[in-house]
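Here come two complexes built around chain A, the first alongside chain B, the second alongside chain C.
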Partner chain A sequence: MDIDEVQYLSENELISVVPNFKHPEINLIRGSVGPFLPLVPLQVPIWMAIHLKESHRCRFVCPEWLTFDSVQELLRQEQQQETFTPMPNPYVFILSQTIMNVALEDIPNGDQIRLLMKDLWDLRLAKLRSSIGNLARSGALYAKVTHLTQVEICLIRNFLKTSLKHIAQLQDAVPDE
Partner chain B sequence: MYEDYFSIDDILSTQERIRCQLLVDIPKLGFLESSSATATLNDEKKDHADEQNFSSLTANTKLELPYWMIYSICNCKTRFASLPELPLIYSRIQRQIFAADASVVDLAKQAAHFYRQGRHLLELNFDEKRQVAMTLLQTYQQRFRSIMDASFHLILSSDHHHHESMKQQTGKFERQEKILLMLGQAAFRDYDRLVNNETKQMLPPKIQGMTTDLTNVLNGGMNRKRKR
Partner chain C sequence: MLSVVSAHSIAGLTDICYTKDGSHFLTCGQDGDIHVFETKSDQVEHIRCADQCHCLAVHEYHVFVGTNRNELEVRSFPHGDSLPSLVHFTQPVSALCLSNSLLFIGTRDFKCVMMNLNDDSNKMKHFDGHQAPILSLNVYEDKRWLATSCCDGSIRIFNIDKQNLIKQLNLIQKSNDIETAASLVKLDWDKKDQMLAIPVKNTIQFFETEKWTRKKTYENDSIDEAINLIRYSPCGTLFIVAYVNGQLAIINRSTFDIYMNYSSKDAVCSLAWNPIESTRFTCSTMAGEYAHVDVSEYLSKPTSTPSDKLDLGVEEEEEDEEEVVDELESNSNDVEMATDDKEVIPKWFERASSMLTETKPIELQESFQSTSTSKYLESRFLLWNNIGAITCYSEQIQISFHDVSYHHSITIDNKTDKYSVGDLSLSAIALGSSQTGKLCCILYQSWDSNMKEWTMNTENNEKIELVTLGGDFLAVATSQRFIRLMSLSGIQQRIIRLRGPIVSMSSYQNHLWIIHHSTQGLPKEQAMSYVLLDIDNDHYSTGSLPLTPKTKLSWMGFSDSGKCYYLEKSGHLSMLRHNKGNQLEPLLISNLKQEAEKNTTNYWLLGISDFDGKFQVRVIELRGQSFPDLVPWPLVSIISLPLALYQIDTEKSQLESDYLKMKLFTHSTDEDDFCNNERQCLIKMFALSCKSNREYRAFEICQLMDSIALQLAVKYATKSGKITLAQKITDELIEQKKEQEEKQKEIQRSSSPPPPLPLLSSSITISSSFEEVKSTRTKAALPSGPFTNPFRKKAVVNDTTTPTNDEFSQWKPSINKSRLVATTKTTTQSEIHIESTTENEEMNSTNGKRKVDESEDNGKNKRNRLQQFACNQ
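The block that comes next holds the complex of A and B.
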């Protein structure tokens, strides 16, 4: 899966919006999106939310995991643990970017959250690099890593696959005596 | 062992010449003895051409033949030749250098197909096989860290300081390592596109002919047509 596909899939997650128009229920293939009433919050998929926002028909409600405090809490937990911490959503990094590009004014402390997210990203990337380095150096057969987001997996997939293939080939060539 | 018939890496890495020693007499191939790079006969020697063509190679002559030929004659049931010494990069002295610190060795200059050629060599029979194999593996593991560091930093063409020091470091990588480097960088370039919002642009499709796997890896991240 490339980044494009991951981004596409990430937009299927649900988010709360507050519409400012009235519309009966819309029936989509995946399910229906409930009747739109002005000033009544409801859950819609993010792609629909972006579309509505860009045509000035709704206002975003900040999701719980994107508030300043929860992001700070995530960062603190990540700094304490050596392994990866579970993320509230498998697409945190992509979604935070997408939401902030479209609806920055709806998120309180948007800029600070952006900085925190960047710190979180750098921290996780550094952990990834050291664990891959250890894997290659020790020549172990496999390593178990949990709680990685899709974006990070996408980044390292090709690289890790090819390098482990090389190591396996070289290990096979060692004759047993 | 070989990837496929047309694999350029295989062709390049198997055509390096290796010294071997003949075990039996071979008739009619005496002209091979005088040649190392070219086998053309001069005009002056044309008189002796007939005699030279039919003289035989005695046993125990040392010849330099390309690897693909040696593979056939060293491994078959009636062995025509044996391998007295390995190419310089796999010798004991070099192996000690690798064991000390593998990341400073300039593999691009000394042996651009170090790993692949080593793997081909390990198909032949010679002493010290296990040491050579262990050296290959450990060298790769030692150099892996610097490949990863280089590939996870995007090389921006606008940043000259960074560019020069990176170039110096990656100039030492041999072919297989360079492929790995480009894979890592392609992935990061993809992520950069995401951050800069370029993934949602519609681009015209690029018309490609037959490309190798490497260019597919690089091009896959750059031109994508997205319909929304």
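The block that comes next holds the complex of A and C.
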């Protein structure tokens, strides 16, 4: 699974939007959406929300986890803890980017949140790298890592696979003492 | 240890005072809030005032607050409405002292000023000579003395009338500001012994008032900290001393015995005696907390006061002294004149002082358009209704539609016309300007491409107060108390006169509803009346509007079903209900403010929908604001409100509220649906009262039921072992119902040919009844979907007329204009319904019988369902 696939999957998450048109219920494979009534917030899949937003037919309601305060709190917790903290959503980084790209004007303090998100991302990547380093150095058979988001797993999967393979090959090459 | 209660979120100087009647006490703190506590019930009201409040005083219906805005703010008491500020300085007010109607103000810019609140002359008396910010003030009104303590290290005593300095004592420590001062030096007068008590470091020095020499000193050797304040009890037997380290001592006035030592973490910085219970006082600390202290046990001790006799002697001498002072002062008259000349009386002050005189009638509420935000805002909403919103930016007016497929948004330049009121309907936009007197109507859906817009100007100084758009008319309210009715194309129709200045108006199809001020109200209250016009049918009804005490109107309008509602500032939402005599009965529906406070928000009411036995309001939730902002565009929430019944948290009240809602808000044409819902609700209520062993109540509920529900009730009662109740119901109610229904049948038979339905009832088979149930269910399925929005009707119409096409590309603007017509029909239909209820009931009973047959066959099934029903509760 590469990042594009994660992106694709993430767009199946729900988000609430405020439509400015009316339309009866739409029946989709994963469940029906609607009815759409002007000014009445409702939950739609993100791919539909993006489509609607791009055709100026809705406004996004800022999700609870994408407010300035909540992101700041996430960052604070991440800084305090050695291990990974649970994220509100498995696709939090990809989704925040998608939402910001499409509907920055609907997110209060959007620019600041983007910066905070970037900080959070850097922090978690640094943690991830250091923990991989520790794993390789300690020579342990396995390591347990919790609360990783989908993108992060994707990012390290290929690298980890090949590098572990290399290590194994090298260890095989070195004769046992 | 003092048992303190936290009040203000930011630590710092916290001031406290009582109202004269002792019913409330107020605190103000560095977080900029004033808290009004009701002494008896501990109810708190928060008034947001400024960024910081330094000191406050309360005088009858006004609160005076010294804030960081360098002015003495005036708020109405107890509601906290902002009034024009009394006086401006170059620095914040640091000390206030109120004695009867004399208000003394000490500021950080070295000024000390007196104002007479009962006097219309608006004069300020200055007491000059201070060279640093003023720490505290204390007035001895009988002697006309004012003592001030100042950061320059001096205590000054002034004569109030002559405005001259009597004595200056350099005692206290110098400092450069109040924050850095070692102590607050709150001094007090000993009115029994005629002494001035001054906190100096860790001592209290008592100065006799004759020659102003030190008479005695109080000192507690064990405490080295400075004393913040001294305050005598109203009875004069003891005084309170508060230290900077948080200690508080209650001390006998004459013997200096310490009765009690309290300690707290933070220094007590203000203290006020309860004016009713003179044995209690309340103090506030530097941490924004307050505490009540009772000293009655120390007062009961007999204290020999030889000073009573002394008093007389001292007073006599005092008079002599005053004469001397008088002589002295006569010399300084020139100086006094000079200070008088200094007084500049600004215009706003005249206005403020005119408000202060209580003899004048209450200020009448200005006219407003419902859902418009304050006209003092730079960018504001002129209107928000079901169709769209009109917003006014500084030089532009924008009309945006909620459903953009209906019409694109319109922007109008507002530089020259200065439109200040507006309304929006499905076919037109009306804008009016109170300044330029211009009226503009934009027919944005007009088929006539030449006539999209017309304007009109008012004449003879008539100012436009409000405009409103009905289905096919435009109403303009003017300052001359006229309502000018025009057609949408601008044909002037009639001019209706009002009996008072208009407050607000609203329209719905061909109804126009106006609220205006009527006569002088009860003391300090407004009185309002309403006029309800049915323009097409030529009905005119008036009445007075019931209001809760001392409140204002904050919203009025029609609900989606066309009922009149109004909201007061106190949060009470009321409805005018048409009763059988076609009179309007005012009913309290809900308290919006209380509901909002449950979620710690504030609701900005936009509209009400009351279809199908549901009561929902459309609101904007506000957090810490009084008006919604334009950016970001506010989110509308739809909230279902319970009726304002007592104990609404209990299940009993909730069911009662549901039942009442059903009775009040059902206009549905589907009689079956309504009956089912009603039965369901009644059975729930019945089951609940059975479970809680309230048989009498259960019986009363049975009296509201029809025969089908009664059968169920009897079954439930027998099942749950209430044999007597079941017996009573069958004996009294079922017989009675049957008789009634038979009578009705007879009446019907005599008047009209028998309906074909009853014949079926006896010979119906189970299979056919099932089919019937099925068919009724499918019928019911359409309208039973959750109702969320007034646009629903349109959606339903769309469903039926156009084949549903779910593809996005098929979106087309399709608002059904016939909706209006359709809904008018429903109102007339409902009247017909009232007339035809008897017929319907009879039909129901026959239906009922059929269902009973079925129910007996499926007896077990039903019983099970009923039991489940009971369990679910």
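What we mean here is this: the second predicted complex is superposed on the first by the 168 of 177 C-alpha atoms of A that agree within 3 Å, B and C clash if a C-alpha of one lies under 4 Å from a C-alpha of the other, contacts with A are read in each partner's own complex, and residues count from 1 in each chain.
Everything that follows uses one rule, which is that a contact is a pair of C-beta atoms (placed from the backbone, for glycine too) under 8 Å apart; a residue touches a chain by one contact, two chains touch by 3 or more.
Every value quoted in this text rests on a predicted model; they were computed, and no experiment measured them.
Touch test for A:Val151: chain B only (first), chain C only (second), both, or neither?
Only chain B is touched by A:Val151; chain C is not.
One more residue to check, A:Phe21. First (chain B), second (chain C), both or neither?
A:Phe21 contacts chain C only, not chain B.
Touching A:Arg137 in the superposition: chain B (first), chain C (second), both, neither?
In the superposition, A:Arg137 contacts chain B only.
See if chain A has more residues touched by chain B or by chain C, and give me that chain.
Looking at chain A, the partner in contact with more of its residues is B.
Under the stated touch criterion, which partner chain does A:Pro35 make contact with: chain B (first), chain C (second), both, or neither?
Second partner only, chain C.
On the A-aligned overlay, A:Asp2 touches which partner chain: chain B = first, chain C = second, or both, or neither?
first
Quick check on my understanding: which residues of chain A belong to both its chain B contact set and its chain C contact set?
none
State the interface residues of chain A toward chain B in the complex, per the touch definition above.
Result: residues 2-4, 7, 94, 97, 101, 125, 129, 132-133, 136-137, 139, 151, 154-159, 162-163, 166-167, 169-171, 173-175, 177 of chain A touch chain B.
Show which residues of chain A lie in contact with chain C when the two form their complex.
Within the complex, chain A touches chain C at residues 18, 20-24, 26-27, 35, 37-41, 51, 56-57, 59, 61, 105-106, 108.
Under the definition above, what is the set of chain B residues touching chain A in their complex?
115, 118-119, 122, 129-130, 133-134, 136-137, 140-142, 144-145, 147-149, 151-152, 176, 179-180, 183-184, 186-188, 190-191, 193-195, 197, 199, 217, 220-221, 224, 226
Where on chain C does chain A make contact in their complex?
Counting only chain C, the residues touching chain A are 401-405, 632-633, 635-638, 788-789, 791-792, 794-795, 798-799, 804, 806, 808, 811.
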